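Next, two complexes with subunit A in common: one pairs it with subunit B, the other with subunit C.
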Partner chain A sequence: MLIQAAVNGVVLGSLFALLAVGLTLTYGVMEVPNFAQAGVITLSAYAMLWLNQTAACPFWIAALGGLVVGGVVSVLTERIAYRFVRTRPLAAPVVALGLLLILDNTALILFGGDHVSLSPPYAGDVIYVGSATVPAVGVALIGTTAVALLALWLFLQRTKTGRAIRAVSQNAEAAAILGIRLERQYIVSFFISGILAGLVAFAYGPMYAVYPYMADAILLNAFVVVVLGGLGNVAGAAVCGLLLGLLESFGAIYVSAAYQNLFGFAVLLLMIVLRPAGLFTNRSRRVA
Partner chain B sequence: MRRVSNDRLTILAGTALAAALLLAPSTPSRADDAKTVTVGAILPITGFLSTLGPPERDAMQMGIEDINKVGGFEVGGQRYTLKLKVLDDESNPATVGVTAYRQLVDVDKVPVLVIAAGTRNYQALFRRSPLPVLNILDSTYPSILDVDKHVFLLRSDTPAYVPGAVWYLKNVLKKERIAFIGAGADPYSAGIETWVKKAAEEYGVKIVSVVNYPLNTTNFAPFIQAAMAEKPDAIYLGGVTQEVLPVAKQLFQSGIRDLPVVHNSGVTPTQAKQIIGDPLYNDVMANNYDFAGTLPETSDNPATKKFYKDFVTRFNQYPSDLTMWAYDTPFVLVVAMQKAGTVTDRDKIYQAMLGMPVPANTISGWIPADGGKLFHDRDAQTMSEGIGWCSDKKTIAPVFLYFMDGLKVTREKVVADACKDH
Partner chain C sequence: MTEIGMYGQQETRQRVRPRPAWDYLGIALLGFGLWVLLVESNSFYSSVLATILIWTIATSGLNIIAGLGGYPSLVQGAFYGIGAYGSALAMKWGQPFWAACIEAVLAAGILGLIVGLVFSRTRGQYFAIGTMFTGLVVSLVLSNWQSLTNGLLGINVEFGFGSIDQLNVVIPAAAAFSLMLVRFVSRRRLGWRLLTILEDEDLAEHIGVPTARTKLTGFVLSACVGAVAGVLIAQYNGTISPDLFDYYVGFVMFVALSVGGAGRVLGPLLGSAFIVGTPDLLNLSSGIGLLLAGIIFVVVIIVIPGGFMSAIDAVMAAASRSVRR
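Right after this comes the complex of A and B.
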């Protein structure tokens, strides 16, 4: 039971981490609570579904197409809405919620309200780890998160653009004085965030179902992770995502499954009281 | 200004008259003189109950078309046709549904209302603007018939089909340890849980675990683990189609494939394919058993068989039990209005409904109450049916027919090799 709970926790934590990293990246560079990320996930999932089932593309091609759609839609949210509220932090949450409604309802109008399954070739496979079982879709989620986080870390640490994004997140004005093009970094950050949203759609869609509000509920957990990890802290989001997943899984087994979501929010309340800046905050070095 | 000669005017007028005569029917049909009665319906067209609303709307529209096709119906010497006005409650009766109620009842002044889910949300409105209300979905427990005396239930209530599923597990599948996984925030699931427990106690089956997941849960792994920890030999899922099928899918994905999975969702093969995905759905559904009302597909009644074929042809999906009740709804309304002698007086129509007979041309297979009445204390009842899955044909087949007399299973018929002849 212990191993199974740990496995379940890692699967759930991987989902939270993947989602939270995308959120914290855009928060780091623009200080926007990007609620619209849930809508980007939804549209990305529908793009995969459409390419796979209507256009009859192989699943992997459809998945790639969905990632691109996620990146493009995310950039559009920045270009059409967020860039106008960069200097108005109080307006940003309202704009973000408005965008979420627009994206969700766009999906509703285009694809209807039914639950539809995104089925990769491995949807029915199971992997046994000792006495525990892991659905292949769960393994895919863990693998996707691991690869995405590693790639993001390398990108931010080893590339010129990655270093520029980190510079903007630390001090946008100073970065601009040094010749870094802010607009470009905002667009790149939102594109990467959109790709991460697409990866969430790719890994999470086959576990449940695709429908217009598919990511709205898990987005709340992801925001808990973002706050716990320290706003704008990518590594903190990754670690706290896994921790929250394990906490919810063990809490569900050893306390009560009915209160699974409560554990995360209870920890959030404790954090806000005891360490409001988050577990891994280093104010001088965000998005790293 | 250009002048038009009298000759040309004459030719034009003659041509127009000839065209009008040609286009008009040779004799006026009966429906030409008919007035229209609007039937108001609030259905979940979108949202988490959206597997239920659209087929109900489509079936009700079929019933109305069949009535109008023969010229409508007559009340007090006047001929009427029916028109359906459906408003979507977005599976959110508490806010969207209440607004729809006000529109249909207070603004459009419909004489009767058809609703589906969330009946308790309308309680205050029933008192403020009472009218006969026909429910074609909401078999939550405690019964919605307690909400208001104007509510009629056009289907069997939860106690009429849930205990039969437990009986089948015990006596046919020889299972004695049930794990229940339910949707915590769904009153339908809560009602099922209540009756599974009552039936288990009555039939000597042990409920080894009860797990309810919170609203908006999408990852059921912890709940599946908690339920499986007690080593059940069968799993009972509470909830509607869009709640049940994702759990069934994740049970399969977790490697739980040998236990029978029982529910009361009324799922059709079309819905299973859509929600679980192709080709996985055929494997996931292989050990599923679904207990609810009888299905049109499995009926012996020629009219019901015709409805089944027409529905499949027209909408390219399997009709569930709900579609039969929905198709019959306009026929029930017509008989009630004829018996009341009015199409507008809500109270007279309500009084007529209380004692109305089972209408002719209906397809649901109603079991009449004393005196041939349709409603047993405002509840119209049919036989219940358990269906299994036929993997070879990727479809469903009846495995068990029954009628509940309290917790006693009556008129039971177990179909041994259901898929063979289906």
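Right after this comes the complex of A and C.
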């Protein structure tokens, strides 16, 4: 029981972390709460499904195609909508909701509202960890998250574009004065965030089901992780994602599964009361 | 507020349009007109209009904290739900209708106080995320606390008015009062203080505005008005279920306010009419309706930042210029 809860928690936590880094990246450069990320995940998942089942591509090609769709859709949301509300923080949540409605319902109209399953070749496999069982899709999720976070961290630390993105996220005006092309960094950040959404679709789709509103509820948990981890902080998002996943998993097993989301909320409350600066203090921004 | 401002100039109060009585009279007439419309329409249009008016009350409440104060609260749907469930449950436990109303509003006010105490420390997008999560928790409790709320099946609501005609009077009257309340608050000390917070919270704090207390007062007031809307929707529908108060409802109310015109007295009415009315009247299938709604939100917010009210202002200004010429 204890091991099972811990294993479930790590799987759930990896999912939260993977979602949260995509959000923290776009929030960092543009300060939009990108609720539309859930819609990008949905469209990317349907793209994988369509490529795999209707166009009969091998699963891995379909997954790659889905990632590209995620990246392109995410850049489109920036080009078509977000770039007009950069300087209007009150408008950003409304635009984000509008985009979420557009993306989710495009999926609904194109593919219908049924729950369908995305099945990778390893779908039925199960791995034993002591007395606990982990489905192979769970292991794939953990692995995907680990690789994605490492790659993102290296990209942000070691490449010129990565450094430019971090500069914009710290202070966009100063970055512009130093000759960094803001537009380019916005597009690159949204593309990466879309790829990360595609990875969520790839890892989360097989675990549950693909349907138009598949990612809406877990996205809120990811926002808690973003707040906990400090903005634009990839390491913070990863650690806090795992913590929140473990907490919700233990809560679901030992207290009540119906109220799983409540534990995330309790953490958010405690954090805002006790440590308003976030768990990983980030001097350039503060929560309160 | 003193007569002489901090730079020795006359305070902005001087610039405000005189004769507020006309505004109240206008709103009262509007309320009367809406009542006539509500009574004279056939049952389909009448029910759409009643829903629009109830949403107007809820979004007017939201207008105080989000419109005047600039704090994007996404939890208004939860206060709406607490008003509905609170009054229905209190009546089920044998309370008279008027007591049930007061208790429901009090319950929402207390929740508003607690949520406000925590989240009024946060700003901007953090406030949005925190309040949205609160809404999610309230909707979780409504759908999972079987013994209290009967879960997803919902509960029947005892009718508290003498007749449906009385309810048809109360709904437009309450909508008009909620508009008047926003008009009233916006020209009182609370409204001015909220405005300073909207403009520049740090500066407001600096010149001695008690920002924390002001935000809290505004938030609790918003919550109480939202609960009144909840009481009315419960009475109007006769049954309530958690899906009416799902967490995204608070979000949609915020969108309605932004599309109509945040901080403007009539913004909630226009926004609610648009958001509630369009899908019902066009009778679209849910997918295409929501897709259109999404496109329209995004276009309206990008093209007319101040919502419909600012578009109307622009048209009026152009008209008065051409008349003068």
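Note that the second predicted complex is superposed on the first by the 283 of 288 C-alpha atoms of A that agree within 3 Å, B and C clash if a C-alpha of one lies under 4 Å from a C-alpha of the other, contacts with A are read in each partner's own complex, and residues count from 1 in each chain.
Everything below uses one rule, namely that contacts are C-beta pairs under 8 Å (C-beta built on N, C-alpha and C of every residue); 3 or more make two chains touch, one makes a residue touch a chain.
Just so you know, these numbers come straight off a predicted model, no measurement behind them.
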{"item": "Side-by-side fit of subunit B and subunit C on subunit A, or clash", "value": "fit"}
{"item": "Partner chain(s) touched by A:Ile218 [first = subunit B, second = subunit C, both, neither]", "value": "first"}
{"item": "Partner chain(s) touched by A:Ala6 [first = subunit B, second = subunit C, both, neither]", "value": "neither"}
{"item": "Superposed arrangement, angle subtended at the Cα centre of subunit A by subunit B and subunit C, nearest 10 degrees", "value": "70"}
{"item": "A:His115 touches, of subunit B and subunit C: first, second, both or neither?", "value": "first"}
{"item": "Partner chain in contact with A:Leu268 - subunit B first, subunit C second, else both or neither", "value": "second"}
{"item": "Touched partner set for A:Ala258, first subunit B, second subunit C, both or neither", "value": "both"}
{"item": "Contacts of A:Leu76 with subunit B and subunit C, given as first, second, both or neither", "value": "neither"}
{"item": "Which superposed partner A:Ala176 touches (first subunit B, second subunit C, both, neither)", "value": "neither"}
{"item": "Partner chain(s) touched by A:Val227 [first = subunit B, second = subunit C, both, neither]", "value": "second"}
{"item": "Overlay on chain A, subunit C to subunit B nearest C-alpha distance, Å", "value": "5"}
{"item": "Those residues of subunit A which subunit B touches in one complex and subunit C touches in the other", "value": "108, 113, 217, 258-259, 261"}
{"item": "Subunit A to subunit B touching residues, read off their complex", "value": "1, 4-5, 8, 11-12, 15, 108, 112-119, 123-124, 126, 128, 133, 135-138, 204, 206-209, 214, 216-218, 248-249, 252-253, 257-261"}
{"item": "Sites on subunit B touched by subunit A in the complex", "value": "45-48, 50-51, 90, 184, 211-214, 216-219, 221-223, 225-226, 229, 242, 245-246, 249-250, 252-255, 274-281, 283-284"}
{"item": "In the complex with subunit C, residue positions of subunit A that touch it", "value": "27, 31, 33, 80-81, 84-85, 88-95, 97-102, 104-106, 108-109, 113, 217, 220, 223-224, 226-227, 258-259, 261-262, 264-265, 268-269, 272-273, 276, 287-288"}
{"item": "Subunit C residues within the subunit A interface of the complex", "value": "70, 72, 74, 118-119, 121-126, 128-130, 132-134, 136-137, 140, 144, 247, 251-252, 254-255, 258-259, 262, 287-288, 290-291, 293-298, 301-302, 305"}
